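Below: one structure, written as structure tokens.
Order of writing sets the chain letters: A, B, C, D, E and F. Residues in each chain are counted from 1.
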Amino acid sequence: MADYQAFRVELADKVAHVVINRPEKINAMNAAFWTEIIDIFRWVDETDEVRVVVLSGAGKHFSSGIDLSLLAQIGSQLGKDVGRNAQTLRRKILELQASFNAVDQCRKPVLAAIQGYCLGGAIDLVSACDMRYCAEDAQFAIKEIDIGMAADVGTLQRLPRIIGDGMMRELAFTGRTVGAAEARQIGLVNQVFADLDGLQTGVMDIARLIAAKSPIAVRGTKEMIRYMRDHRVDDGLEYVATWNAAMLQSVDLRVAMAAHMSKQNPEFAD
Amino acid sequence: MADYQAFRVELADKVAHVVINRPEKINAMNAAFWTEIIDIFRWVDETDEVRVVVLSGAGKHFSSGIDLSLLAQIGSQLGKDVGRNAQTLRRKILELQASFNAVDQCRKPVLAAIQGYCLGGAIDLVSACDMRYCAEDAQFAIKEIDIGMAADVGTLQRLPRIIGDGMMRELAFTGRTVGAAEARQIGLVNQVFADLDGLQTGVMDIARLIAAKSPIAVRGTKEMIRYMRDHRVDDGLEYVATWNAAMLQSVDLRVAMAAHMSKQNPEFAD
Amino acid sequence: MADYQAFRVELADKVAHVVINRPEKINAMNAAFWTEIIDIFRWVDETDEVRVVVLSGAGKHFSSGIDLSLLAQIGSQLGKDVGRNAQTLRRKILELQASFNAVDQCRKPVLAAIQGYCLGGAIDLVSACDMRYCAEDAQFAIKEIDIGMAADVGTLQRLPRIIGDGMMRELAFTGRTVGAAEARQIGLVNQVFADLDGLQTGVMDIARLIAAKSPIAVRGTKEMIRYMRDHRVDDGLEYVATWNAAMLQSVDLRVAMAAHMSKQNPEFAD
Amino acid sequence: MADYQAFRVELADKVAHVVINRPEKINAMNAAFWTEIIDIFRWVDETDEVRVVVLSGAGKHFSSGIDLSLLAQIGSQLGKDVGRNAQTLRRKILELQASFNAVDQCRKPVLAAIQGYCLGGAIDLVSACDMRYCAEDAQFAIKEIDIGMAADVGTLQRLPRIIGDGMMRELAFTGRTVGAAEARQIGLVNQVFADLDGLQTGVMDIARLIAAKSPIAVRGTKEMIRYMRDHRVDDGLEYVATWNAAMLQSVDLRVAMAAHMSKQNPEFAD
Amino acid sequence: MADYQAFRVELADKVAHVVINRPEKINAMNAAFWTEIIDIFRWVDETDEVRVVVLSGAGKHFSSGIDLSLLAQIGSQLGKDVGRNAQTLRRKILELQASFNAVDQCRKPVLAAIQGYCLGGAIDLVSACDMRYCAEDAQFAIKEIDIGMAADVGTLQRLPRIIGDGMMRELAFTGRTVGAAEARQIGLVNQVFADLDGLQTGVMDIARLIAAKSPIAVRGTKEMIRYMRDHRVDDGLEYVATWNAAMLQSVDLRVAMAAHMSKQNPEFAD
Amino acid sequence: MADYQAFRVELADKVAHVVINRPEKINAMNAAFWTEIIDIFRWVDETDEVRVVVLSGAGKHFSSGIDLSLLAQIGSQLGKDVGRNAQTLRRKILELQASFNAVDQCRKPVLAAIQGYCLGGAIDLVSACDMRYCAEDAQFAIKEIDIGMAADVGTLQRLPRIIGDGMMRELAFTGRTVGAAEARQIGLVNQVFADLDGLQTGVMDIARLIAAKSPIAVRGTKEMIRYMRDHRVDDGLEYVATWNAAMLQSVDLRVAMAAHMSKQNPEFAD
């Protein structure tokens, strides 16, 4: 694990804890954030010892979203020709998207633990995670509408699959704040914890539970659910048959089955 | 704004209020309804001053659905050859669908405010709106099953994306009535208001809130959510990057940002 | 109706009651189960008198999922070459999937009535049904993760369309147990009944209600909802227009309309 | 048939002959062209007597493409805000596309007869026809590249399905001219006629041959091929089964079969 | 191998030769044909010794297509209600399609050897094969248009992927006859042989050449090309990576590589 | 431009010439090849001065495909567990694919100039280019079948869109060699040049012709054709409208139009 400017990363019990670490800036997403997150998730993907990721924010808030100074800097790169500016902006947006695609496409489950503000770009980020959990004080808002733009790094693309279509539109058009209870009711988070401590302990428990399962099984499961977000049922069935044609030959099945029979906890290789 | 037989249309505070106006017929959808709605939403789409639409029904009920005399009239156009009848029916259905496609594809958000009956064709209609709100007395039922047919102007196509698949099937197979509380619970409506007055005031407030946002941002947001209903996440990301390549060059971002900095309300051009 | 080893099948009031009938084995899905279910649903599909299906499990539990001895038997068919084993496994998985595809593609609505355990393969099965209902004591768990594999006969493919994406992932990664109330809250079941008796009576009532509707209308409705799970809104609209081009020429519309006018119950031919 | 400024339309032997009629301007596509073509093809679609369309250009050339003065006029509608200009341009392009979509979606086969120049917008147009035939002197070129833009009214979208991908790219990137023989070789045209007379007679003969077939069968055939351009084989098979469920009940099959048995020419109702 | 009424089946040198064997009826496809072909291709699929299939017709012609008496028999099953007739016809068409789907989805390559007539249903059949070869006297025609119907067992669905779109439409609308040379030019057949003897010898040589390759490699190759007919390039790349994750662990690679090094012919297990 | 082990790269007249430069190894694709090609095409993509790419092979042959020692090295990374091996192989294949995706997704046109051998992996590579040109002595063969595997770095995914489906299957199943004339006939190459000199001069001329066009127009054109390989016509039309909403505001249109009017050669900014 390298040293990061915008993050702090720890690894224990097969769980990588990735913490956005600029609490004095409400964890606003600056230039370092967008490039470091790619490196971190490449490391997650390549490191067999990491089986699950918990993503959180240091301090009182999860994150206030993109750092506005970064937006200003992108604006300053534009020239006079609208066509060439459009090419520049399009590439820049695709680059920013790639940072959250790295989270979405990570082969290990990613659990977001959210307290306080989760605004704008932070919604784009947690939409790319597998599951979301929050503390009572969490506040969610799709803030992009209030800086005059359509959200373009994932919220509008991934959130409709997570919450209902009707509420999705209301939140995106109005930018209004959603509290923890409503977030739970519409499916934005899976569970609400009483406070930050409860959140951290609770999410880490779920993470460790998953980390104890067969990594072969967990990765296959994630790949299949990810695939179904965008594919037909018949294609999904064919895909899992092809996938499991190899994976069912793994030793993990025998390990799991033996543990099941002997009522012991199985131990899987990384 | 032209004069309409089946509607009353008003424009104030950048919000167009489109009212189905045949209360003596429980706002049943007659021939005039199906053609006028296309004209109205073309006007909405082309009129820059209109930023948001509220759709409601005059009187005690939202609408009882398609006027049965219209169905009878379509039946009377059929001849002896099954094949040619099929061609006629297919074109007629596509024509009726086009009326609600005009609502669905409208570039401005459309909010439905529903009281009393919302039956059959009325469900097809509100399924094509962006958001749905209702009063306590609202009653929803997919009535097509009881006239011996599969709903064919949008309910079966759009509603599964709004409410859960399991409940969708129950409601479509049984035609049973759903009240306001259950409608809220399954995501069919976003919010329930105590009475008709509360509904009208509440929905108009949400509409005005959206109308005060950047029209460039609101349209982009609607287009992206509409697009995701039918496309893959990767296609959606590429599409928004291409879209924003132009839109982020708009003055609205600077207006919004300046207002944000000075804590004032931004004023956007139509 | 033939005699079955793993099932008991009854037909009354146009409703076929299909009961998994190995209560002494917690209705575990053995070899007979997987082939007989195909025969049963072919019979359902071809028998005009059957209009609706209720699927349940005999005894205290719905089903504990696939019989582990069947898994062992499949394993015993593998040889030394990984490639040829993969071909064998892939075909075997596709075969098992075909058993539940027969449920999913059945032209008549299928209602699952669930009490006690509904584990592993049993979740795959009920995900292929149209609607799910349960008793208070129902317990759901995606157990495949605990035998070291990704579920491959339908849960990961069909359930994401039924429950929310975030909760879907948690349940699939952790294999944790979900009770009746939570199942209702996340949309996994439509309704919870107090006990087994209430469940059986309640589901049969819903089944009879549907069986009294026009079979032409019910089949069209099922086909359209099934189609929308995997297709675009515009394709769905075109498909229903083509479908109804024939079906609206059926006598069922006139029968339904006449009954509607005279406030009597319609009688439809099978 | 109305009077048109940019076209001449005739109807004989069930074949509508639609002629672009601005020979003094090399049949350049002016404002009248783009709106009138929609009216003409709506008339074609709604007029049962019309069974086939032949599309050609008056004078020495088929068409030189879009009238540059029309482009200039669109440019003059742009203002200062890049975002609002983008909205205006996007809508204008969609409008122009709609003119050729009317050709593509016409339910009757459309045969293009091409002599001399077929440049820029004219390629977009003939790409939307069912079949293309030309005289020896025909010259094809994707000219949009030379006015600094990507073709946006159909060439880049429809032509790749007609000619090979590799040659498609060469022609689009270079804008080079393709003669009749090469056009035939790459599948751009079906047949080359020696001169204008031969072209007109030959294409009209093919049109009359098709016009003598069952209109039910011809429309079904066109719909199925159009559908397959964008859909999967399994979806196409399901769609034609649903379509023919109605159409095989038409009297045309019996008429055709009887004629076949008695070796006479069948006569089909419009 | 069972005995068949409509076919003769032989197996030699790992190549199954499937011969339509009703020469006195120009190999017209009768009821036995449609059911036996499913059995034969199931046997092909399940029999490891069969590595390639050659499909041909006994006598002077390949096949004149569907037996008209079968069509008449289907017609005789229809009753009075248009809706129920439509249900019956739809199921019947899907059944007939399943016969050719069995050819298309067969895991081993299928080579069609065609002499004389190849009309109507015979085009549907050869469109479902992997490759087509013909003798000089072959005559192809999409005859369905002349019996008043759109072809519904595969021609309109599969042939557009094989020949050019423009020529596809001409042949389907006109039903005109295509000779061997034109068939070769438009890609309908891969090669033309001088006479029946040359055809039989030539196709069998190609079949034996393929039968000598690794069966693991041949099946993977067929699956990937079949997949690409209906899927995106990125999906195809992901699919082959998942497929080869298992198959590259097969011994066939080492066998092939060793043979390659020693310049000997490899011998692969079935 | 960096120094490369497996390539030589030159830039002149806005055309980058990328030469595979291991003639003593018949330009076999070694480890350096697969990583350097990504760097080179990233440089191409980011360097505005590069407008077109010509890809060729040094010496007598274009390339003999993947270096077999690289395959052996991958094999040596495998361990004992089939499941973990499958994960390793899947990732490795995706990595190799990424090298040719970099060619396919490059925003500038890529022209392949091919002499002598173009075998196995070399077909995968040229299938990812925009256009292919060859000398008389070129020899193409899909060699993967002869090392016991299905091609998995692009041939089976991209080539079916370029040559006919029937011939595609023959070449992939048999691995037989195709000469220059047949390659031209089936659309694999656009043009055959008499010898290596003619090839190099001819391809460079086409490259310079394209390099003189508006880069905005060329990139838009490439993006649209790439998009249509995997998308529907209606999606493609909407996408180009959104794209051109920005690009038609570029100064390149005015430059092109002015040059067109004054019959001079336009000069476009990079």
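Just so it is clear, a residue touches a chain if its C-beta (ideal position, glycine included) is under 8 Å from a C-beta of that chain, and two chains touch if they have at least 3 such contacts.
What you see is a predicted model, and the numbers here were worked out from it, not measured in a lab.
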Exercise. If you fit chain A onto chain D using only Cα atoms, how far does it have to rotate, to the nearest 5°?
Worked result: 180
Exercise. Where among A-E, E-F or A-F does the B-C interface show up again, with more than half of the contact pairs the same?
Worked result: E-F
Exercise. When the centre of a chain is set as the mean of its C-alpha atoms, what distance in Å lies between chain B and chain E?
Worked result: 48
For this session: List the centre-to-centre spacing of chain A and chain B in whole Å, with centres computed as mean CA coordinates.
Result: 33
Problem set entry | Shared-contact residues (touching 2 or more other chains) in chain E | 82, 86-87, 161, 216, 229, 234, 242-243, 245-247, 249-250, 252
Exercise. So in the complex, which bits of chain A are touching chain E?
Worked result: 231, 235, 239, 242-243, 245-246, 249
Exercise. Which of the residues in chain A end up touching chain C in this complex?
Worked result: 109, 130-132, 161-163, 187-190, 206, 209-210, 213-214, 216-218, 220-225, 228-229, 232-234, 236-238, 240-250, 252-257, 260, 266, 268
For this session: Sort out for me which residues of chain D touch chain F in the complex.
Result: 68, 71, 78, 82, 85-87, 89-90, 93-94, 97, 101, 104, 144-152, 154, 156-158, 160-161, 164-170, 172-176, 186, 229-230
Problem set entry | Complex interface listing, chain B residues touching chain D | 81-84, 86-87, 216, 219, 246-247, 249-252, 269
